[in-house]
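Some structures are shown below for you to check.
First chain A sits with chain B, and in the next complex the same chain sits with chain C.
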Partner chain A sequence: MSKPKLAIFDFASCEGCQLQIINMEEEILDLMSIVNPVEWREAMSEQSEDFDIAVIEGSITRSGDEERLRRIRERAKVVVALGACATCGGVNKIMNNFNIEEAKKAVYQEASLMPHLNTSLTKAVDEVIDVDYKIHGCPIDRKEFAYIIRCLALGKNPEIPAYAVCVECKLKENICRYEQGEICLGPLTRAGCGARCPSVETWCFGCRGFIDDPNIYAAKEVMNKYGKTSEDLKDRMMLFGSKQRYIYE
Partner chain B sequence: MKIIKLDQTSFNFWVDRLIKKQCVFGVQSKGDRFVFDTLTRAEDLRLDYDVTILPPKKYFLPQREDLLDFSIKGEYKSITEREPFILLGVHPYDVVAISQMDRVFSADNYDVHYMSRRYNATIISCDVQRASNQVFAGSMNTATVQAGFDILLTKIGDSYLIDARTAKGEALLEGLTVRTEPTDKDLQERKQVWKENARLLQKNKLKGKPEELPELLEKSYYDPIWEEKSKLCFSCGSCNLVCPTCYCFDVQDDLNWDMQTGKRTRAWDGCLLRDFAAVAGGHNFRRQRADRYRHRFYRKGKYMAEKIGQVACVGCGRCIDACIPNIANPVEVYNQLFMSQKNIYIPEQVTLLKTEKMTERETFYELKMDSGLDLGHEPGQFVEISLPGIGEAPISVSSSPTQTGTFQIVVRAVGNVTTAMSRLKPGDHVGVRGPFGSQFPVHDVMKGKDILIICGGIGLVPIRSAINFILDNRDDYGAMTILYGMKKPKDQLFATELEEWSKLPGVQVLQTVDCYDESWKGNVGVITTLLSLIKLNSESTVAVVCGPPVMYPFVLKDLETMGMTAESIYVSLERRMKCGVGKCGHCQMNEIYVCQEGPVFKYSDIKEVMEAI
Partner chain C sequence: MNKKIDIHHITRIEGHGNIVVNMMDGTIDKVEWQVPEAPRLFEAMVRGRSWEDLQTVVSRICGICSISHSLTCIKGIEDAMKIQVSEQTEKLRLLTHYSELMQSHVLHLGYLVAPDLLGVKSVVPLVESHFEVVKVVIGLHRIANQWSELLAGRTTHPITFKPGGFSKIPTESQLRELYTILLNIIPDLKTLVSVLLSLADKLPDFKRDTEYVALVYPETYAFYHGSIGSTDIDKTVPVSEFESVANEYVSPQSTAKWTRWNRDSYAVGALARFNLNSAYLTPLALDIAQTFGLKSKCTNPYLNNIAQLVECAYIVESSLKLIEELLVLGLRHEVPKVKPRAGEGVGCIEAPRGTLFHRYVFDQQGICTSANLCIPTNQNHGNIQKDLEALVPKIIERSEDEIRLLMEMLVRSYDPCISCSTHYLNVEFV
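Take a look at the complex of A and B:
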């Protein structure tokens, strides 16, 4: 079995998800034993036009990015979106709630007109090209990344949870955040993180994006039961759920 | 069988000794909840717990476990090395659940992973000391157990009775130097605990017997309840995961980095999860939320009953707590199905156990449902009493739901039904429909508050239900003041009970009559005159008012003058009622059906309603 060639590309992001891969430490050698890295800006100087698996980090915010992304898609056998920015637009998508010129001005002040700061609305990777697999989270989970790469190297579809964070939260025997009077996005958010946030006694921020069939009606109805409003819920969704289909329901 | 008695100190010593011998998983606190976890010292053990977040099934069927080591060449190796361990503090309902799981994993295809853990376990059960908010083990016959464990602990006063029922259990008592034999009185008290627990562990009450559930569900597949309730379902599977009898799992492979060897693991799964019944081709055999929601109730109430001969719900109430939208309550669902299966106008037969003339016009009756079930009422609710050929009449229930087995009513002979009733003798049968209507808020609003009760005439009858409920749960409430007014001294109801109540600490009883005679030594005057005799902390008090219609405007006005807000006053209203089920229209005031939304109302809810007061 020849090792698949792996390339990692970054777009608009903090590059923290790539850093998570580097942070695999001793396991990074194991990773290299099953894939052959040919381009990975954060870890190596080489570049390559020839690869099998393209891992895309970051969201797409400029028209030039879209062209670059399409070129990657054409050359890759498998495209994997890495981290919340790539899978759902992530924190970058908060910008889409505002008028873009005003947003730029608020962030860059007088420099906002400089050409290199030019930007358009944020898109997730799958809003521009077809994506084969998504590695969710902000940041990604290293173990899940390793598992997915092993599956791809074996030629198997990785089993990425389709169920909500509540499942993993219950398995950890956590006290439900709703019992603590908090709005938690766990019931709407895709699992896979091991209910990381509720396990350290804070609500789920929804960084892994919505499950495929979230019950938004129920989410709004339970707000009444817990003395909150649908506006409170919307606020909580803004960080990772901005301008996604379900937020309008 | 060996029973010994240990005081708390010796008990802790014994537990610490167990910890030295074996791995002990015991109940400990986690925030304001409880969990089973590795016990390192006896003082962390919390046998006074109400319910644990996850059931102890996690020690037999862990959340995630490795089943097999494999190589891609096709070699498989079973992973089953196990150490003996002790599970300490398992409540009876969880013992029943474990026994059910044992049957599932041992019968037909023997599951070596579950069973090897099971054989290595010693189960120390403990009778429940504190009922959880949602428990209904009493309804499922799982409040106490006599089998399925190695040792049973029961707290009697400051000591524990330790009852070893198996050789494994007896082995844990060996070498104890301090050991007292229990007295007959101790054993008697233990029986009392069992009896009490069957009654107390019924925060939700099933309106039928567990063994009736398979047949009920047989007829309910197309009931609208599945669609209706599941609209709020997140499909999060929480109800499955916390359930002591849910055991479905998913199996997955993961390779090691060598890409040659790996592990096949299983992890808890849940039938409420969207893809639980989806196949690789894309078809989902339970695609709709309602399909999956219904499946859980069928699995517990019918399929498992047919498989193992016992309904697979033990009444722990965990699913109710775990469900964020609050749709998982099995009792609510089964009761609604019981109701929709029957004709609401057909009464159930009850037998008169006792009748007693209380005054010239009022008679006291104690009744028992022929079905053997409890009436299942709450303080303040009423029933329709039916006498065939004569008719029906709405009658308040006077006994507290804490008194089980029977219920009590008081009837004033004024109409056809009530007059005919006064001719009945013990052993006679009548029909009963209900309980109907709203209740005094003893479970929420009144908790922790001082209680002011104001009743006139037969208004004492429904309120007595709340008074006795409060007295049976005395620690949950503050001081109680009971003001009772009647026309004449000989109208007095429950004279002995009033006398007994007045002697209780934290209870004040004041009575008054409108017209007195020589027999009366107490206050004279209308009920409002008693209000001037009491000290009222309007901030911390909830008032409950029930009496003849003429009483309300005066009492309510005075209460508001004394600083009470309309939000903290509850009134029980009388109306003409024929059906009791919100249909016939007689009791209607504006848009409100008193038989459904009342008879107990928060005063602020009806203050502005014309015709109400």
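Take a look at the complex of A and C:
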């Protein structure tokens, strides 16, 4: 069996998810024994028109970028969205809550009308093209990345948790953040991170995106029980959940 | 002779940048450093966000310097809300900051710069040709990341930082373990020094006098505290007045803002810090600088790489000292207690690529009402342009491949962080 060719492309993002691939350190050498990296701008100067797996980091904010993304989809057998910016729009989507022209003015002042500063609403990758797999998180977990790429190289279907961060948090016997008077997005957020933030005594801010069918009713009950409002919850949900379905329910 | 060179999206840098060179009938018509990275408008995104969520947003400006962005943000919040932090918190923050400087510098030197010096396109072929060196680089990088993870909760986008302190701190035994690990990486660091020394002649002998800007603080190679110093003037400027230093403006060739102070452009980063603060280096760091012949007032931008190597040694030596001090103090569990209040504040830090400034204004509930973020790479864009303008006429007779390589190496030596600054590399010869 020949090694599948892997290409990594980046759009609007902090490139921290690509960094997690580099952060695999020695293990990246193992992964290279089963996939062949052919293009990766942040780490390599080589470029390729021919690849099997396209890994897309970042969200899509300009029409020219949508065109580039469609070209990648046409050439790739499998498309993987890498990290929150790609899977759900990430923090970039906070911008969609504002009037873009006003937002540009806040950053660039009177120069905001210059044409090269044009940008439009932020889109997750699957709002532009079909995505086969999503690697969640901000940043992604490097072990989960290795697992998913191994599955793809072996032709297997990777299993991504469909339950909430609370499940992993309880297993770790952490004290609930609500008991500490904090607003935690653990009940609504997809697990797989090992409840990393609550384990260092910080609330979950939802970087892995919402679980498929979050129990909004139960979340509201939790808010009532701890004397918080839906508005408090929405405010924190805006970080990684702006302009997504569940934030309005 | 007509020559068109177009390096579109320079590789092995963080973010997107282009270089365009246009030569007609033997005269250089245009040398342009362009930054086409998608605008991400962070200063707008933080408006309306709570002081508690601010660092979660701004750390996402950059994956490589997320710890610097978080710390700068928290310092800005603390300045605005008059929050005092303990000596322990200051020391643990500096130790965390050092871990990021180490991972960033090793990543840049080992993965992004070394392939140029060894004449290959990426680190991938080096795995076969220079396996022992690659192993040393990977080992140093892994240790720097584990170090970040121990203190910041993870390698990227820290989760233990809070205004007023930390949500969770390491145990004394974990710090002792880190001490031993850092002590044991010094031989690996020396290996990296000897490899780079054998390749140092590949760094071009190009000089251009410019202004260097960095934090300065008495008797210190400043990374965390201080005021703004310049090689052009004797007086320093308080960080609260950073706008009068940066003088940001929008260039038509860039989605990132550019800056200028006492000249058309200035430079920040490891070489700027070295030029201003080298008197306060630690023994091994000083020894490495001397080995490479690196002296204060160095004006060769390619030697920013060597300044980064010197800093790696400084960071390890200083961290050993910090850990000793922390263990003498004895670690205490401190719970940060903060009541939000209205105010305006500035945070500043020496990020891996240079001086980073954040200014925030908060209302009485601690909601951010406005922000101004001034990023190191923005401060370097103008200087990169001026360097390219000076470099290209000197090398224009060489082959297109050589011109291309020397220009790319110049840009890479600044270790640009373009996602950061757009708020950046392709080379285009047209």
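Methods note: the second predicted complex is superposed on the first by the 248 of 249 C-alpha atoms of A that agree within 3 Å, B and C clash if a C-alpha of one lies under 4 Å from a C-alpha of the other, contacts with A are read in each partner's own complex, and residues count from 1 in each chain.
Keep this in mind: a contact is a pair of C-beta atoms (placed from the backbone, for glycine too) under 8 Å apart; a residue touches a chain by one contact, two chains touch by 3 or more.
None of these values were measured; they are calculated from a predicted model.
With the C-alpha superposition on chain A as described, chain C and chain B fit side by side in the combined arrangement.
Contact with chain C, but none with chain B, is seen for A:Glu42 once the two complexes are overlaid on the shared chain.
In the superposition on chain A, A:Lys234 contacts neither chain B nor chain C. Set against each other, chain B and chain C touch different numbers of residues in chain A, with C touching more. By the touch criterion defined above, A:Cys17 lies against chain C but remains apart from chain B after alignment on the C-alpha atoms of chain A. In the superposed pair of complexes, A:Lys225 makes contact with chain B only, with no contact to chain C.
In the superposed model, A:Ala153 lies in contact with chain B only, and not with chain C. Of the two partner chains placed by the overlay, only chain B lies in contact with A:Asp212; chain C stays clear of it.
With both structures placed on the common chain, the touch criterion links A:Ser33 to chain B but leaves chain C unconnected. Here the apex is the CA centre of chain A, and the angle it makes with the centres of chain B and chain C after alignment on chain A is 110°, in steps of 10. No C-alpha atom of chain B lies closer than 11 Å to any C-alpha atom of chain C in the overlay. Within chain A, no residue touches chain B in one complex and chain C in the other.
Chain A contributes residues 11-20, 22-23, 25-26, 29, 32, 37, 40-46, 61-62, 65, 90-92, 94-95, 98, 100, 102-104, 106-108, 111, 114, 116-117, 119, 138-139, 196-197, 200-202, 205, 235-236, 238-239 to its touches with chain C in the complex. Within the complex formed with chain B, the chain A residues making contact are 1, 27, 30-31, 33-34, 147, 150, 153-154, 159, 162-164, 166-167, 170-171, 173-176, 178-179, 186-188, 211-215, 217-219, 221-222, 225. Remark: chain B residues 30-33, 35, 53-54, 63-64, 231-238, 241-242, 252, 254-255, 257, 259, 267-268, 270, 273-275, 289, 321-322, 324-326 touch chain A in the complex.
Across the complex, chain A is touched by residues 9, 11-15, 36-45, 47, 49-50, 53, 56-57, 60-64, 66, 107, 111-112, 115, 121-124, 127, 138-139, 141-142, 145, 153-157, 159-160, 162, 167-168, 249-250, 252-255, 257, 370, 419-420, 423 of chain C.
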